[in-house]
Amino acid sequence: MIPPSFEYHAPGSVDDAIALLSQYGDAAKILAGGHSLLPMMKLRFAEPEHLVDINNIDSLKGIREEDGEIVIGSMTSENALIASTLLQEKCPMLPEAAKMIADPQVRNRGTIGGDISHGDPGNDHPALMLALDATFTLAGPNGARQVAAADFFLGTFFTALEADEIMTEIRIAPQAANTGASYQKLKRKTGDYATAAAAAVISMSGDTCQSASIALTNLGATAMRASEAEAVLVGQVVDEALISQAAAKAMEICDPAEDLRGDAEYKTHMGGEMTRRAIRAAMQRVGGN
Amino acid sequence: MAKTQVSFNLNGQDVDVLVEPRELLIHVLREQLQLTGSHIGCETSHCGACTVDVNGQSIKSCTMLAIQAQGATVMTVEGLAAGGELHPLQQAFMDEHGLQCGFCTPGMLVRGYRFLQENPNPSEEEIRSGMAGNLCRCTGYQNIIKSIQTAAAALNADTGSQAE
Amino acid sequence: MERQEQLQGIGCSRKRKEDPRFIQGKGLYVDDVKLPGMLCGEVVRSPFAHAKIVSINKEKALALPGVHAVITAEDLKPLGLHWMPTLAGDTQAVLADEKVCFQMQEVAMVIADDRYIAADAAELVEVEYEQLPALVDPHKAMDADAPIIREDLVGKDEAGQGKRTHNNHIFTWDVGDKDATDRAFESAEVTVREDILNPRVHPSPMETCGCVASFDKVNGSLTVHITSQAPHIVRTVVTLLSGIPESKVRIISPDIGGGFGNKVGIYPGYVCAIVSSIVLGRPVKWIESRIENISTTAFARDYHGVGELAADKDGRITALRFHALADHGAFNAHAQPTKWPAGLFSICTGSYDIPVAYARVDGVYTNKAPGGVAYRCSFRVTEAVYLIERMIDVLAQKLDIDKAEIRRRNFIQADQFPYQSALGWEYDSGNYAPALEKVLEACDYEGLRKEQTEKRANGELMGIGLCTFTEIVGAGPSKACDVLGVGMFDSCEIRVHPTGSAIARMGTITQGQGHETTYAQIIATELGLSSDDIQIEEGDTDTAPYGLGTYGSRSTPVGGAATAMAARTIRAKAQKIAAHLLEVSPEDIEWDVDRFHVKGNPDAVKTMKEVAWAAYNNVPEGMEMGLESVNYYDPPNFTYPFGIYLCVVDIDRHTGETSIRRFYALDDCGNRINPMIIEGQIHGGLNEAFAVAMGQLISFDEEGNLQGNTLMDYFIPTFVETPHWETDYTVTPSPHHPLGAKGVAESPHVGGIPCFSNAVVDAFAHKGVTHVDMPHTAFNVWKTIHELGLDS
Amino acid sequence: MQVTINKVFPLDGSVSDAWNLLENIEQVASCMPGAEITETVDENNFKGSVKVKIGPMHVAFNGDIAVQEINPGEHRVHLIAKGQDSKGTSSASMDLTASVRAGESGASELTGDADVTVNGKLANFGGRMMTQVADQILGQFADNFSSRLGASAGSEDPAQTASEPEPQVQEINGLKFAWQALIGFIKSFFTSKA
């Protein structure tokens, strides 16, 4: 379990990092938290000739509010998300979900940007980003561009991020009034990926659901938005029967891969159950919590 | 592969090592610096036996390159006892039978040390989630939880008496 | 009383003597050993479960700077070391000889300056394979046209454990009166039958296996630091394999990071490291990775059985019948010392008075890793207890008798001990019925059943599991057990120093059980010296007396007995010296905690410390000086600890997740030496039982590719999943053990597994479910829920 | 680790044009993304390789292709391809029966029935993604086949046109997706942080 040799680069700025990525092309790989890449290298599945360690780029870390948006640096660790009072107040689903990721030590290294950039359907942030309608800032040799989460996840480990680009920021609107959000994750044990998970953001107007945003983790080739499930709720007075209808709609888009966590049937059912729980919990939190 | 000099502070002392970029922090600690307290249990960052404290955070040193420790402050189990006196957590592990084979113990102690600074008055549930990155096969965890509770009480009493 | 307390002897929850080094990072484990000039070995492994080796090309690996050697079977052949004997009478390829028989089998070992170069070089060894069809299912392995796994055994009707009937068959073992059992089934009022699987699992101690072999060419001596639960056996095996005299072989088991059966066997990596050191004349270290550990060294279980009970309509069991296919993998490396290929499986009549029984096990080869170790249990005792404790629940459900009540009706009664079981054991002592009542009362069993009824009415799933087990541990009487012909005694050598401290050296080896503390407590009580002043040493074959090691809960039953006996010999001598000092005859002297005094004159006293001093300068005429003794203890019988466990589970009918609401464990291990350590052992054993019952599984695809051999998939519960444990005890001393003690560390694993299973199945009992195989993962439990339509 | 895949792809060309392409094994192989025939042993046996380099991942499979049957009457070929990766840690084999027939919608259809088996390290850590990966590769193969057929249909000399390589980028991209899926799956066995 020894990684192969590589050349190590620790740029101090985003520009320097992009220059290295441009220079080495396919031979380079970004090292963020390292908890996916290093085990892969130890197994000799990945053998990059150059590692570009972006842990020293301070501008990529931190959480702030800017022009009415929450801006999270891509190298912000999971534990920093959990500790952020700004997020607890204005985007509580994110710290809630981050607590369900990996374990305390890994959360000190693991970053939100790394989690998203992989486009791993088993990672938790992609579904959260979809449900929160986040926007990503991708910086490359020709400057920065903004990509909506909805346009980012193209396939399993296939995202809109180009090989010479770095995700620098994640932008999220603060949670609106009369809104509740919840992330529900079923896993076998601490540190595991979701067998199935669902994020729900629900806004209410009195007893009527004004808007709903639901996204699923590890139930298809990418994290995905369950639009038809959302449509079932919007404009309705939501009761258990309606929640079950929405869950059924979410199940329809599930196409999970079978593994030791379960077969496709089980995972699909769990997709429905997590959706149900996320909607219920989100609704309970509207105006309260 | 060319070696690079890496300097960091280890248990209060500045150290310099020459490493290949691919060398893992755990190997450098154990083999170059001869601090064999931190152990290797799984190599895929699941077991926590290699837990050390880097810049005030618990990390798994099997999944960090030694070269990334440049300029860092690192503490291992060997740095826990100060001035020949056991840390209250070490004492509590002994008093509450919080260890058996001892292999996971250094990682448990280093994580527990940081955890009690993050949360000086933890509930049992908080201890369970705060320590969830460390595996033990011997104890069934119950006496480790007790040890952490005992240490928390001792540390709080200590802080209290100092405050007076 | 005060003097007694100062000794911190038997019965005292004193702090452990080994802890100071562990809490300061000063333990010495094998991977901490660093010798001058030491090289590192890395094993090249087969990617395939079954394949012919066409060619091996070492050139590229040897060309890498820092590589010293690449050894293959071809290199070992001239030394006769390419195959090695297993503890089960079979042979095992050290490095694959012409073919590989399981995935990750050892094919070559690279020796290099350090582990980084060794890992690079292992990648450069080019092996060409021709794949063969693989067998992973023991039933299919016994098909008439199944591929042959062991070509080396073709034409041989014996593989070390009796006659075999098929190329993939290893042995048939049976026990009991088959005809009488069959008759009992034919005439039974009621019978039940279930397929009972104990899936393949792995002990996975936190420390993996490894060694540092160091051959001194000048003196012709070999020193090996090794992760072994049985260092003396390793020494004997090394001598038998290498021809180096045992006097020049030194095996050191330093601190061991947990064993649980994983470290009993002798693995190819050890042999390769030793050979490499002999050939290269430099120390060679080999440490396996976690993936290698889970994949190759020591699996447990893989028992595919069918269990049957016959009973009368009141639930009194009249007969038990069992047959299993035991999947031993590609080589029969079952690490067990009894004279029977299925170990102590015949304890399967459990705590119940069953008149007749018959059990048969057939060993089978498959293309999976070799082994069959006792994972925190005595040899096949977990499988046996799982069978009877599951089947009695099945019977209870069939007859609609309460699961506690059916146990009451079948228990061996206190006045029946010593009890002769139908399968030939003499249970030393037990008192089951009162212990059961104690647990039922503590947990409000009636209340729980009432609550369950209410919950069921609401569609909720709640299960109550009981397990009232009897174990057989402490191997063993040498008439029943040996390793390579060496009887299963164990040993203790005690030396009392002139100033009244002492050292004891043992044939056992602790892996976390706290031997340095508990043996010292035994000596403290026996000799009246403070346990603080008694040093215990284990694991170095140069200094310790020969012993068979620690596994099968044998340290207290055998090593502990040897300790007591050695101490008693010393005390007897001390009594004579005291009498000499007090100028009376030895018969006129009485022992009192830590001293002798003249009968009827409590003031005429000599403390053990005073006697110790005198032993080196003033002994009776004709007596040898010194105060020491060695004892090799061959126990007259096994010991039979028992326990009553109760588990309450709540199952989420939507996700299949099981939450353990309560686990109550009452153990009776006879007299208790250190209650704190006993409780710790029980917590740990319960947690391992929880892991096995609820999640552990070594799984393969149909071609023999391992699935899930990292700690991402292989279930080791964390703080979060692990339930809270409640412990309790009764004391029924063993009549034949010098201290009345029985051994405890394995009971919680053995008894815990069926208790969890019984609780999960009980949650579905009202729906007619009688058995579901482990592991009870959320996925597997959900399948039951979904089939029954309980999730809608 | 074995998966069975049955696929039908619509083609633009006629059955006879498609068959002309299909019965030429070297042409067929070159439609496989990243693959090439490196040696023609005899008319039914070939050696070939698949080389892919995506990001940090290098995979190179070398192997043999044995034609079991070419049935012009039924427009069907049956071949078995077996290979090992260059490090010898994984193997893959495919038993493929492919045929062309008159299409329901388009001019013709390509049908593929394949048993794909993966053993070794890839099966340990990536085996459960097999279906997706094999699906992706086969889909890319069908795309290449179809576009080559389209190119050849209008040509005087189909074989010559068909032998022109497809733009490399397109092939790599096709594989990129499939292999990334596999890599991703392998990664997913480890803790979920980058």
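Just so it is clear, A, B, C and D label the chains in written order, and each chain counts residues from 1 on its own.
Convention: a contact is a pair of C-beta atoms (placed from the backbone, for glycine too) under 8 Å apart; a residue touches a chain by one contact, two chains touch by 3 or more.
Given the structure is predicted, the values throughout are model-derived calculations rather than measurements.
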Per-chain Cα centre nearest the global Cα centre, belonging to chain: C
Far-end chain from chain A, centres as C-alpha averages: C
Selected pair, greater C-beta contact count between C-D and B-C: B-C
Inter-chain centre distance, chain A versus chain D - centres from mean C-alpha coordinates, in Å: 34
Where chain C and chain D are represented by their mean Cα positions, the distance between them in whole Å: 51
Distance between the centres, which are taken as Cα means, of chain B and chain A, whole angstrom: 29
Multi-partner residues of chain D (at least 2 other chains): 87, 121, 128, 189-191
Set of chain B residues in contact with two or more other chains: 20, 22, 43-46, 129, 131-133
Set of chain C residues in contact with two or more other chains: 115-116, 123, 289-291, 707, 710, 712-713, 718-720
Complex interface listing, chain C residues touching chain D: 47-49, 103, 123, 126-129, 131, 701-703, 705-707, 709-710, 712-713
Sites on chain B touched by chain C in the complex: 20, 22-23, 27, 30-31, 34-44, 46-47, 49, 76-78, 80-81, 86, 90, 93-95, 97, 99-106, 109, 127-129, 131-145
Chain B contact footprint on chain A (complex, rising order): 1-8, 10, 31, 34-35, 38-39, 41-42, 51, 53, 55, 79, 99, 102-106, 108-109, 190-191
Residues of chain C that touch chain A when the two form their complex: 115-116, 119-120, 123, 289-291, 654-657, 695, 697, 699, 707-708, 712-713, 715, 717-721, 777-779, 782-783, 786, 791
Chain C to chain B touching residues, read off their complex: 15-16, 18-29, 31-32, 34, 114-116, 204-208, 255-258, 260, 289-291, 511-514, 676-677, 679-688, 710-712, 716, 718-720, 722, 724-725
